[in-house]
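This report concerns only the one structure given below.
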Amino acid sequence: MSFYNLSSTSSGDLAAIAQITRDAGVNLDDCYQCGKCSAGCPLSDEMDLYPRKVIRMLQLGQVSAVLKSRAPWVCATCMTCTARCPQQIDIDSLMLSVRHAAKRAGLRPVREADIFDDLFMAGVRRYGKSNEALLAARFNLSSGHLFQDVLNAPKMAKRGMIGPSLHKVKDRAAMRRLFGRALRTTEGEKGDGI
Amino acid sequence: MPVNEAPTASAATAATAATAATAFEPTILAFCCHWCTYSGADLAGLNRMSYPANVRVLRVPCSGRVNPQFVLTALNKGCDGVLVCGCHPGDCHYVSGNYFARRRLMAFKRLLEFTGLEPERFQVRWISGSEAGKFRDTVIEVCDQIRALGPYRSGVSDDVSLNG
Amino acid sequence: MRYAYFPGCSAASTGISFTLSASYVAKRIGLELVEMPDWCCCGTSAALVTSRDLAHALPARSLALAEQAGLDLDVVTPCAGCFSSLKRTVHYARQSDKNRHRLEEIIELPYAATADVMSLLEVMARPEAMEPLAAAITKSLNGLRVASYYGCALVRPQEVTCFDDPEDPQSMDSLMELAGAEPVRWAFKTECCGASHQISEPHGARRLIARVFENAAANGAEAIAVACPLCMLNLDMREAGINESRAVPFDIPVFYFTELLGLAMGGSARRLGIDRHFWPTGKAVRKALAPPPEPSPDNHSTSELPQEVTVA
Amino acid sequence: MSRIGVFICHCGSNIGATVDVPKVVEAARTLPHVVYADDNKYTCSDPGQQSIRDAIEEHDLDRIVIASCSPRMHELTFRKMLHQTRINPYLLEIANIREQCSWVHKDIEAGTAKAIDLVRMAAAKIDRDTPLYTTTIPVNKRALVIGGGIAGMQAALDIADAGYPVTLVEKEPSLGGKMVMLDKTFPTMDCSACICTPKMAEVGTHPRIEVRTCAEVEKVAGYVGNFEVTIREAPKHVDYELCTGCGLCESKCPTKITSEFDQGLGKRKAIYKPFAQAVPSKPTIDAAHCRKINEGKCGVCEKLCPTGAIRFDDEEKRSTETYGAIIVAIGYQLIDWADLYGEYGGRVASPNVITGLQFERLVNASGPTEGHIQRPSDGTEPKSVVIVKCVGSRDPHKGKAYCSRACCMYGAKHAHQYLDKVPDGRCYVFYMDVRTPGKGYDEFYMNTQRDGAVYLRGRVSKIYEQGGKLVCLGEDTLAGATVQVEADLVVLETAMVPADDADRLGSMLGVTRDKDLWLSEAHPKLRPVETNSGGVYLAGTCQGPKDIPDTVAQASAAAMKVCILFSKDELESNAMIAGSDVGLCNGCGACVAICPYQAVTLEEVTRRENSVMVTRTVSNVNPGLCQGCGACTVACKPGAMDLKGFSDEQIMREVEALCL
Amino acid sequence: MSLSTAEALTDALREEARRLLAEGTVAVVVGWEAGRFPNQTTPAFISDPEQAQRLVYGDYCVNTLAKYALGEKAAGKVAVCVRGCDSRGINRMIADNQLLRDEVYLLGLPCSGMKDPATGSLLMKCRTCTEHDAVTYDVLLGPATAAGHDGASADSSAGDSEHVSDEQRFTAVLGIEEMAPEKRRALFDAAFNKCIRCYACRKSCPCCTCRECFVDQLRAGWQGKQNNLAENRFYNITRVFHIGDRCIECGECERACPMGLPLMALNRKMVKDLKSLFNADDAGMTEENSAALGRYDLGDLEEFM
């Protein structure tokens, strides 16, 4: 069972929570813990903290536990929680912001998810388009899941689903510059809304 | 063009005039809603609370009755600060008077400050009939603020160069 | 009907059947799709989890290039994932000039956010497309029981997508009805199939596929129709795998809604790309294209008792 | 030239201790138009008042200032005193030198100076005071009650028992409202019909109550004591003078229609009484579904009626009558959950997802299943029931932000009733919080748990049909686990929302609506049944969600207010009201929009201006409606609108006097 | 606008005015006619169809005509030449119950901003105009967009064919808001000191429709008649408060002011605040009265506590 000494919540914790909520555009006080988000979440079984509990822990100031949680990395951003939330809390956005915060803190509780997304973006950065077969192959190499979905590959090739060449944009340099600028812009100078 | 002096703030009585020589004591007018703040001020009396004598309460039926022109007049005639007090939004005895007052006075206050009035000189507060302590605290706070600002001089241009 | 076309990365690969069938249908209903110049990947959820700026900038680049080329048309994309990314970007850019300028700075292009973004499904379900569709449909799909599956991205969040009901959407159902299929009432139209997680989080994500098939089967679906290449690949390719652990296997082929429309227009399975599916489609296609049975006299009669009238 | 008298009170030592009263008297004597000033030990005492009356005579005073305690204390006392003199009672100003001076300032010098300022302000103001007069408004001692549910019936009975005639308007064909649809009432579980139908009969036969069913209020004009109300009665197609209520017509009518009273779970005929104990106990024809009226065929009822009471050509009737007071008791309706909750199946939900009110009909012995709890889809007895609370309540996203107040008890009652009738059944209640403030309420809830109801804290996220069951997905936040229940029947305890008519009636009667369109009371604590419109009162759930005991209490309270009003032959209007200067008014209408009492209207006047007759539109204040807030005076840019007793000029004078 | 456009519009205007008067549709036409000096125009009131050729339209029709309609309506139906500002003024007067829509016949004219006859440069009030073309009219003379959105861009003289953003519209206000309070006080004290209380501002304002202005009323303490700083401040601030939630931003007050007071900065301060605080509509866009101080919202911002 968990024990939280709420008095030991530091101002740093509170600041971190404030940044996450500001970034996500949500107000934690809106949540009255009805659990509709978690009940509707298709992946809640895979989560160590339900979406509801992510919010509850943040309400209680327990940010470090939240940053270590698998939940935001397991979240498929299907937005069912947000669509059904009686208090209109953008839970989807909150999960995203927690994940960003965790990544900034050097945490990646679900290694595979991180590898996958990084590889995906690396491919896009390089070619401007995503090449699924290449991505799957790279992922298997990087994650150690060497044979995942391998059986499907020849079937895909046979069906014309894996092209003989990579597709890419014309102005590949522009893509690299775009990535550079997008990732350079710092937190705190977010635009309006999300 | 010569500036005609309007009556400047003169202390209300001989007694305050005497103190005015040594230290500035502001004259502050408070428009108070009969149903809330005026009762709150009465309650402050019942509880024998103490606050500066600079404030004069002018009873109105509702904060919605306070015409911005009253505020301008008060400042022109020699008040150093004006306070408007009404019921908390939602509690208006007349349903909606303070909602109208809120809009009017928000816009009016911004207009006054736009033309250079110090924000402290015109303030609006919601004080209920039970908030005697809040009434006292407000009077003390506003008094201190305006005492620090010094007298309001409606008829004299401040000597600040436009180019400076 | 003329739109700028954002094919998405899967159009020429995993989503090839969608491309084939969509262009087959589009041609027959006078829907002209002009491919956007040098478009790039929309970034999908991978960009979103990396950086919000990146997730907005990638679609913005493609949209801005189209503006620059004078392509003054609303944008249509077949892929629900691309739709979601593009639509979110337009929404963000229109929220404030500040947002728009921020994007312009990242993509180094002016972007006015004038064009709207729509999914291919939305475009086809509009009255101006439904009319030529009705005219082009020559065969009835014979009451094939089709469960329309919309997934997450087309309908959520509704403030952004501005499309159909997030819990019980109807557009694809009405297209299926138009094609002579029988739309199945079921409860998992917009439940997530977990497509984006099948590689990184296979254990949990497989269960999501099973849930969708399960409810479709429980409601008597003979086929599932989809409007997204990711949903398609996910359901179609993994049905066999899901069945491995089941006593009673599912046998529900998955189709792009455009494939079923194409069939109803007389297109061949090969032409529409149906022969490229993983799960066999033969049974469903045969049912859909069988000659209609003679209408039996009792089948649809709603003869009332002569004495009693019942009004709902 | 006014002649002002100033009277300074010592209030024993209450004022005298910190204010130098003689000095104030001295200062008062120097003020303009003050012809007399004196002090008094206790001004409010009989000798004190007598000395004022004497001074008025002796010094020919025409207005007075009293410097004493707060006007909230003794303004009325002194006004009453002036009634006994020749001075108009409104030619009185009070300078509050006790509560707002002597009691709060320790320093005698500062206190005295302030007291002098306050007296000077009062004297400056009174110089501009004018005599004010109240007017009298006749009171028409007939009450109109809108809505024939338990609230309307209770109010009508109370007023009628007090001896005043009442008209009760009900839009349905029978009295009874929602309460008569209920099976049992919590927490005592007495049969709802058993306590409701006697009231209906009493109302129906009361000599001073006129019941109009199938009727609606179409138009309201006038004001307190004098409302002109137009009532529209839909055609019943049955002559109630002739009809004996034998029921032959109903039993032979061939057309079956879904019963509104049974909440869609049962059937009724086209000529029908909504339920057996209906009052009036006579049928009406539902013109929308009658074959004779629509197709010209049938006419069975007409052929069979032994008294010849059927009137297919019956027409709508309108009448306009005068009432002195109106009680609004139009009740509530349930939120249309199917429109809002697609995740519970929405418009295409299983028939086995029902509302609490439908459950009431299912469990009611005179309901469509004769009290056997059965699934609407197949008539089988559900072995597993899920009750979902807060459907549409406490849900600002899809429904309403407020708590509907009755559903916690209502839900507990349903769980109890189900477990009572299906002892081997299982019952799960999804709740957000359990709110049971009321006599015997929490005990009832705890007993329901002992009955075996499983309470799960969480909101249900999805309800769908699979394998003949209703799969409910929720989280039990207490266990911290998502849960799934496969139910045979789901009961949604849906939110109460205002009746369709609330907005229309509210605007017609000048009663404000809150953001959810509930009708607003005049004060949330102290005037719970009054409204901003004089003579219009609220009873029951039209004011907000509440249960039966609260509804009945409020109805009796509203009736009491009407009786108080009717105990007088005439009403005295407020003297300190707004008035518009026709000469200055440019008819812009800004005041009309501002007035919360609809007291200001625009009207045309023809008058001589610059020696020509002109017709202009100007504003006019109804003295019966104006409450004297003065908000209109500020909205009036031309300065035409002014408030008597707190006029622009009076206030300006006070301001000036302060700054002298 | 180009000379040929102006001539074409003038011809169309004269013809329409002549027809309306000759057919008896209207009793009087309010427009502009040439003044005594080059490029100068003055408001014209034509009731004889033969006189219709006196009317002119061009770059120098500086007067906003809305208020003039009010004085003429006693004679019968009044035809008024309207651009954006004139038409919004008419709408405003309708909203204030001062005019019925039936009492006027509106001749819509395109506008690309008017010029100062003395300098030839675009009038200050036209540089921040958001609505060039008439928002309501009975007949439109000339192309609707001549000033507006694409048609005029070919015409180099139209400096304001671009849409005016709120930032541009409120430039003066924003500039003053950024000043230190003492500076603002000094700025406005200097301005109020200059005021000669000629009331040209009120005369030209389509929102000033009181029968007797508060400054003219004999009411104790209401408003001093002295011409000094304190009383001038009282007048000018009260004037803004009286019209601020209805101001159609025609800029006539500022143009009419002989002493060059920054009256539009004051008006726009209130317009801007009401817009940002209460989401107030731009005044005079419709005949509806939606003045922000005449209504309230339960959810209004709470800052007084």
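Note that the chains take the letters A, B, C, D and E in the order they are written out, and that residue 1 is the start of every chain.
In this text, a contact is a pair of C-beta atoms (placed from the backbone, for glycine too) under 8 Å apart; a residue touches a chain by one contact, two chains touch by 3 or more.
For clarity, every value in this text was computed on a predicted model and none was experimentally measured.
Peer 1: For chain B and chain E, which third chains touch each of them?
Peer 2: The shared contacts of chain B and chain E, listed by label, come to D.
Peer 1: Where each step is a move between two chains that touch, what is the least number of such steps from chain A to chain E?
Peer 2: 2
Peer 1: Based on mean C-alpha positions, I'd like to know which chain lies farthest from chain C.
Peer 2: Relative to chain C, the chain with the farthest C-alpha centre is B.
Peer 1: Could you compare the number of C-beta pairs in contact for C-D with that for A-C and name the larger?
Peer 2: A-C
Peer 1: By C-alpha centroid distance to the whole-protein centroid, which chain wins?
Peer 2: Centroid comparison flags D as closest.
Peer 1: Using mean C-alpha positions as chain centres, tell me how far chain B is from chain C in Å, no decimals.
Peer 2: Between these chains, centre-to-centre, one finds 65 Å.
Peer 1: Whole-Å distance, chain A centre to chain D centre, using C-alpha means?
Peer 2: Centre-to-centre distance between chain A and chain D: 51 Å.
Peer 1: When the centre of a chain is set as the mean of its C-alpha atoms, what distance in Å lies between chain D and chain E?
Peer 2: So the centroids are 46 Å from each other.
Peer 1: Could you tell me the distance, in whole angstrom, between the mean C-alpha positions of chain B and chain D?
Peer 2: Roughly 37 Å separates the two chain centres.
Peer 1: Among the residues of chain D, pick out those that touch two or more other chains and give their numbers.
Peer 2: Within chain D, residues 343, 462, 594, 635, 648, 652, 655-656 contact more than one other chain.
Peer 1: Tell me, which residues of chain B touch at least two other chains?
Peer 2: In chain B, the residues touching two or more other chains are 68-69, 73, 77, 96, 100, 104.
Peer 1: Residue numbers in chain E touching 2 or more other chains?
Peer 2: Those would be 214, 221-222, 293, 298.
Peer 1: Touching pairs of chains, which are they?
Peer 2: A-C, A-D, B-D, B-E, C-D, D-E
Peer 1: Report the residues of chain C in contact with chain A in the complex, numbered from low to high.
Peer 2: Against chain A, the touching part of chain C is residues 9-10, 12-14, 16, 38-41, 43-54, 57-58, 61, 91-92, 95-96, 98-99, 102, 105-108, 152, 156-158, 166-167, 190-192, 194, 196-197, 199-205, 207-208, 211, 237, 276-278.
Peer 1: Inside the complex, what are the residues of chain B that reach chain D?
Peer 2: Against chain D, chain B makes touches at 7, 9-10, 12-16, 27, 29, 34, 38-39, 41-46, 48-51, 53, 56-62, 64-70, 73-74, 77-79, 93-97, 100-101, 104, 136.
Peer 1: Using the touch rule from the top, collect the residues of chain D that touch chain C in their complex.
Peer 2: Answer in residue numbers: 254-258, 267, 289, 291, 341-343, 345-348, 462, 464-467.
Peer 1: Flag every residue of chain E that touches chain B in the complex, lowest number first.
Peer 2: Of all residues in chain E, those touching chain B are 173, 176-177, 181-190, 193-194, 214, 221-224, 226-231, 233-234, 237-238, 240-241, 244-245, 266, 269-270, 273-274, 277-278, 292-293, 296-298, 300-305.
Peer 1: Along chain A, where are the residues that touch chain D in the complex?
Peer 2: 32-41, 44-45, 50, 52-53, 80, 84-88
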